[in-house]
Amino acid sequence: MKSELLTDKELEDLSTELADWDVSSNGLERSYDFGNFVQAFSFMAGAALHCERLNHHPEWSNVYGKVHVRLVTHDQNGVTNLDVTLARLMEELSGA
Amino acid sequence: MKSELLTDKELEDLSTELADWDVSSNGLERSYDFGNFVQAFSFMAGAALHCERLNHHPEWSNVYGKVHVRLVTHDQNGVTNLDVTLARLMEELSGA
Amino acid sequence: MKSELLTDKELEDLSTELADWDVSSNGLERSYDFGNFVQAFSFMAGAALHCERLNHHPEWSNVYGKVHVRLVTHDQNGVTNLDVTLARLMEELSGA
Amino acid sequence: MKSELLTDKELEDLSTELADWDVSSNGLERSYDFGNFVQAFSFMAGAALHCERLNHHPEWSNVYGKVHVRLVTHDQNGVTNLDVTLARLMEELSGA
């Protein structure tokens, strides 16, 4: 998948669709709280498969039931359609 | 957790609660179909954590979106409360 | 990656390279014994990522430290380069 | 496993054994670089199982092949034998 930087208009629209994410040209970020480690890591394992298939990997951290995700396309220095695709897949996996 | 073999009455009651499982004194078995590999493996990763915590591990197999699970307590040669605990946790994880 | 059936000559050569695998036109199969569940599932989690990236998934089963893998390309009804690629990646991951 | 805070002497000894870790009473920390996401996440999946079994979970983050781990026993506000156990298991899993 070729990645293209989002326009300001697209970022604005996205902030409605991905309401639980911080959406800016510097990256997409969200914190999940799954309540326990099993749910959190189960989510990470599924998300990891999407990431590897898309060859697009997050900066993410985990403490117990919490997972913080930051998505950005480094070689374009901003948010691209790849980041949006991953964010949507993570939303789906999280059951959000 | 100490494991104890289930009585025939308990197995019968269980077949109501765990309606999607084959319940017999030889083991508890269920096939899940998650529709894709990501959901299937995400489930397995979460279930694996429960198994390791309980020190009780399934015989299970996977093809794409399908996961087949067989639970039995080998050292008691039958179904115990440990198998029931795992089956319930798997149901919860699977979103069933 | 386009998949192509292996010739008899290629299968024969492969049985030398993948000495721990059963190599036949019906599939590539290997049993791993990692000694404990943690090592076994760690291997599976890594292998799962390769599978998802290649969009090529195994038939595999696990009991405690043991993992049995069967690789075949169903839509070609035999062993292709995709199966060989996965088998090699699994060997690398397993530390074999 | 009951957790007990390490003495200064034990922390000092540990800094020899766990040479790649930053060892202090505030926590044990190490950065791993596995070179790719598959190896990194395979490690995390194995480590996650140890964590869940011990009911002791890290603060950890991942970017591609890199994993940063911080271990501390919050309810004792310092480093205990539980942290040391996990650090050793992670070393073993990482192949370090």
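Order of writing sets the labels: A, B, C and D. Residues in every chain begin at 1.
Going forward, a residue touches a chain if its C-beta (ideal position, glycine included) is under 8 Å from a C-beta of that chain, and two chains touch if they have at least 3 such contacts.
All values derive from a computational prediction rather than experimental measurement.
Participant: B-D or A-B: which has the larger count of contacting C-beta pairs?
Facilitator: A-B
Participant: Examine where the copies chain C and chain D touch and state whether the two sides share over half of their residue numbers (same) or under half (different).
Facilitator: Answer same: the two copies use largely identical residue numbers here.
Participant: For chain B and chain C, let me know how many angstrom lie between their CA-based centres, rounded off.
Facilitator: 26
Participant: What whole-number Å value describes the gap between the mean CA coordinates of chain A and chain B?
Facilitator: A distance of 32 Å separates the two centres.
Participant: Scan chain C for residues touching two or more other chains and write them down.
Facilitator: Touching at least two other chains: 37-38, 41, 44-45, 48-50, 52.
Participant: For chain B, which residues count as touching chain C in their complex?
Facilitator: 37-38, 41, 44-45, 48, 51-52, 57-64
Participant: Can you tell me which positions in chain A touch chain C when the two form their complex?
Facilitator: 45, 48-50, 52-53, 55
Participant: Residues of chain D touching chain C in their complex?
Facilitator: 37-39, 41-46, 49-50, 93, 95
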